[in-house]
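Letters are used for the chains, namely A, B, C and D, taken in the order the chains are written, and counting of residues starts over at 1 for each.
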Amino acid sequence: MRLLFTPQLNPASESGWRRRWFDIIFRHDTPPARNFDLLLIVAIVVSVVVIMLDSDPWLHVDHARVLYAIEWGFTLLFTAEYVMRLLVVKRPLRYALSFWGFIDLFSILPTYLSLLFPGSQALLVVRVLRMLRLFRILKLTQYVEESGVLISALWRSRRKIFLFVVSLLTIAVIFGALMYVIEGPERGFSTIPTGMYWAIVTMATVGYGDISPQTPGGRFIASVLILIGYSIIAVPTGIYTAELASSLREAGSGDEHHDHRGCPECGLEGHDPDASHCRGCGHRLPARMG
Amino acid sequence: MRLLFTPQLNPASESGWRRRWFDIIFRHDTPPARNFDLLLIVAIVVSVVVIMLDSDPWLHVDHARVLYAIEWGFTLLFTAEYVMRLLVVKRPLRYALSFWGFIDLFSILPTYLSLLFPGSQALLVVRVLRMLRLFRILKLTQYVEESGVLISALWRSRRKIFLFVVSLLTIAVIFGALMYVIEGPERGFSTIPTGMYWAIVTMATVGYGDISPQTPGGRFIASVLILIGYSIIAVPTGIYTAELASSLREAGSGDEHHDHRGCPECGLEGHDPDASHCRGCGHRLPARMG
Amino acid sequence: MRLLFTPQLNPASESGWRRRWFDIIFRHDTPPARNFDLLLIVAIVVSVVVIMLDSDPWLHVDHARVLYAIEWGFTLLFTAEYVMRLLVVKRPLRYALSFWGFIDLFSILPTYLSLLFPGSQALLVVRVLRMLRLFRILKLTQYVEESGVLISALWRSRRKIFLFVVSLLTIAVIFGALMYVIEGPERGFSTIPTGMYWAIVTMATVGYGDISPQTPGGRFIASVLILIGYSIIAVPTGIYTAELASSLREAGSGDEHHDHRGCPECGLEGHDPDASHCRGCGHRLPARMG
Amino acid sequence: MRLLFTPQLNPASESGWRRRWFDIIFRHDTPPARNFDLLLIVAIVVSVVVIMLDSDPWLHVDHARVLYAIEWGFTLLFTAEYVMRLLVVKRPLRYALSFWGFIDLFSILPTYLSLLFPGSQALLVVRVLRMLRLFRILKLTQYVEESGVLISALWRSRRKIFLFVVSLLTIAVIFGALMYVIEGPERGFSTIPTGMYWAIVTMATVGYGDISPQTPGGRFIASVLILIGYSIIAVPTGIYTAELASSLREAGSGDEHHDHRGCPECGLEGHDPDASHCRGCGHRLPARMG
């Protein structure tokens, strides 16, 4: 979880401009850092909107040059930001190889690649992944507690959800094969994987209708599958509700803001509220504040 | 919340007809006020039904004049009501600028505008928003407690639901762009926003089928998106259920049976609403108030 | 609730064959009564299946005479049962005018009517309502407790569910009218009620796709409606889960089988487990057994 | 439940190769047994994938001989495994007649049958049922507790879910018949069972759209059915959530953190899985086992 949602905030040892920029880029609790975050969100949203507009054939033809210029503007801006991040962080390689480092890189790469391979413009859509950055920023605002509760409940449900997905896929294989046999290729169930796609679309109650049973037998099997899906749609909800209720209860009992103490020796965070020693190195932890 | 659901009941200082009409229009707990509310609901429902009927091309042609007359009748009635509200309320401007004031105005304006601009008749549909007034009235009846519990649970979930919607949109952008690249405009995914529309329709398990994947790759991506949507459909339910359970617990800790009678003999409370004798000592209970 | 789910078991005062048949038909806890119930369920299911088969045009043509004969067989059987019910019950009129009395009558009437009006055969489908009788019978078997818990939770949620349905309809009117204006009759949104039908189909995540938005504006409105629907789909689940959890807790606390004591004076049932006097007449209740 | 999910592990009394193979095949907690399980899963998944690929008409034509060979390879492998299971188990007949015995047999039979009846190749899809074996194996790994909680909650809800399905079918019969009468065969509702199929597809919010109401009356009935379905979709979720919460509470009262290490110094338990030092006294914790 730490890997996914908190970037490594390596302390920039040197004072001077690097420290100043590190504070602006990697911290989120000072006025300049907040302004930087806000600007970044706006830039990401605008650049994603531009990519979306560019996908419209009419707009693309009429405003190709303007959109291309804006495209390059954002690419250079995000490149400058990426280079700055590499400069001010203590271990640049570790950042570059982290989840966020990859996303930051992939969100500028396609524009440069399109100089070499004209057709690679379609890869630009990868930039939308930068919108995930919103969460990192929100995490440090007033939403931190809420998202923490939601994610920890999801995280604790991960094994149950995995089991659930495996069951779902097993049922999909069986019913997909059944429908392949009963309805056959001439009614849209052209292969067993197509049948599985239909079974997933059906069980999840999406029901596009691009493929649907037409024989009485197929409709009976479909009804059975729907009832099975209807009965087990309760499972993920039940899992998540139960875990969330327990998360909320924990969050509400005594300490709502979790534990912000970092170990003074090794920097590890996320200790239990009642911990007096670091669970990583055994060093004594500072007393809790509120 | 007050801004949304309770109008400012400014006490009309003067006695006389203003006070009387204020009581009728803005209060909801005296017999004349209740009759006024009831009439208003009926008038709103009937006028909305008339607008609906007028939208039917056959009815419109056959009964254009009658429908037009009824239309003007309701407009004049609601105009009179709107003027009366302005007259009896202490600060008319504040009412006019409130949420309900705007809805009341917008529900009569289109008919007058249609005199100047013949095509603006379509704007009449705004009147249906007046049906929201139902809630304001219901709020003051026996449903007040129930709706209070439902709304306060929603209100307390607002941040979590916002986070949830942001995540949903992020996933929609990513998968919409993916499908735009994989399936392409020739299979209905004409732009990235169209892909987002498809992704939202899919994740929410609506699945119109107006656009659906046709290549094996697209179907695989769709299945993954469906499983993601299926897994996180539990989130809003979980959030709301947990909050509602806590709301109910709070609401219930005071009086669960909604019967406030205490036994005059032994003081026991919590009787069934239909009880006429104390279940503890058998003494006759007082009659219920309403 | 009593009106809906328990028939009036008027004690047949006379001994003899009436009492015997009353016990068989209206009671459910002796071996002959159980056999009668079982036979009745089988007869209902078979007769409904026959009606279903008869709706198939191929079967109807090939086996018209056999199906017609079976049809009359079941009608005469159910008529005999209906007459017997009227004979043995103490107040036949009250039974005939009760919910179950009407269903019993309507399930035999269409066959007789088809003698006078040949086209009324389609009304035979009313008989399927007799399948609801299953619940009455199940109520008296081992499923009584389970269904009691489910129904009482639904019953206690009735006001909240009513509020929820009213909100849903209000949203449906507003969005239906919006889509009627935006998409217009040429794209399937022919009238405002049609738009409401589309909005309900969308919000409930059914999504047939027979009508779907085709303009970018309409698709945006549809996405907003879907997100609203997605957010409030949690409401009925939340309501029901919270009520059910509380029902289960009550059912589980001390006495699982509710309270079977009837007042020796006035016969009222459904007392609180801790009641020592009848809440209807104040007479002392017998001590509880288990 | 034992019948469904745990095979009879009859202790093989004889020592020697039988006991060794019994341990490998039927136990799951020694290194060789785990490797065997892993190989078996891989073989099942690969053979199912091959069947899926073979269902693709293009692949079938191009690689018919290779796929046929692989098919026979897996069949011989699973035959050898089946024979070995019969040899080492104490009561071979009991195994052969068990749920798993039948699935093991049915997953090899179709290939042999296709020698006699060339057309029976389609029956091969039965092999996908072997994927259910995944659960048996997972059950004995770290997922045991999670799946136990999920299944026991489902098991305890079985009666309520049965009642729910019966209600659903009753509503489906009534509305299916209604739509058959209102919309009629010329709009797709060709028989009452077809109407039931439509009603189930609608209530479960699948909504293929292959059959959909087209008359105003039919659309009104459909909207009512959707609202009913929308209201009762909460029921299975409510049932399951309530049961799961109670299951979790039971399961959680013993050990919640799944870390069984006690501090050798102060005895404190409940450490995080990644902790290397006691959070109470800072003493080094023993290494984790599992």
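The rule we apply is simple: a residue touches a chain if its C-beta (ideal position, glycine included) is under 8 Å from a C-beta of that chain, and two chains touch if they have at least 3 such contacts.
Model, not experiment: these values are computed from the prediction.
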Between chain C and chain D, which partner chains are common?
-> A, B
Farthest-lying chain, centroid of Cα atoms versus that of chain A | C
Would you indicate which option in B-D, A-C or A-D repeats the interface seen between C-D, with over half of the contact pairs matching by residue number?
-> A-D
Taking all residue numbers at the chain A/chain B interface, are over half used by both copies (same) or under half (different)?
-> different
Centre distance in Å when chain B and chain D are each reduced to the mean of their C-alpha atoms | 42
CA centroid of chain A to CA centroid of chain C, Å | 45
Centre to centre, by mean C-alpha position, how many angstrom separate chain A and chain B?
-> 33
For chain B and chain C, what's the span in angstrom between their mean Cα positions?
-> 28
Would you please write down the residue numbers of chain C that are in contact with two or more other chains?
-> 164, 193, 196, 205-209, 233, 237-239, 241, 243, 245
In the complex formed with chain A, which residues of chain C make contact?
-> 205-209, 237, 241
Touching chain A in the complex, chain D uses residues 48, 51-52, 55-57, 122, 125, 128-129, 131-132, 134-135, 138, 142-143, 146-147, 149-150, 153-154, 161, 164-165, 168, 193-194, 196-197, 200-201, 204-210, 233, 236-237, 239-241, 243-245, 248, 252, 271-272, 274-284
For chain C, which residues count as touching chain B in their complex?
-> 159-160, 162-164, 166-167, 170, 173-174, 177-178, 180-181, 185, 190-193, 196, 202, 205-209, 212, 214, 216, 219-220, 222-223, 226-227, 229-231, 233-235, 237-239, 241-243, 245-246, 271-272, 274-284
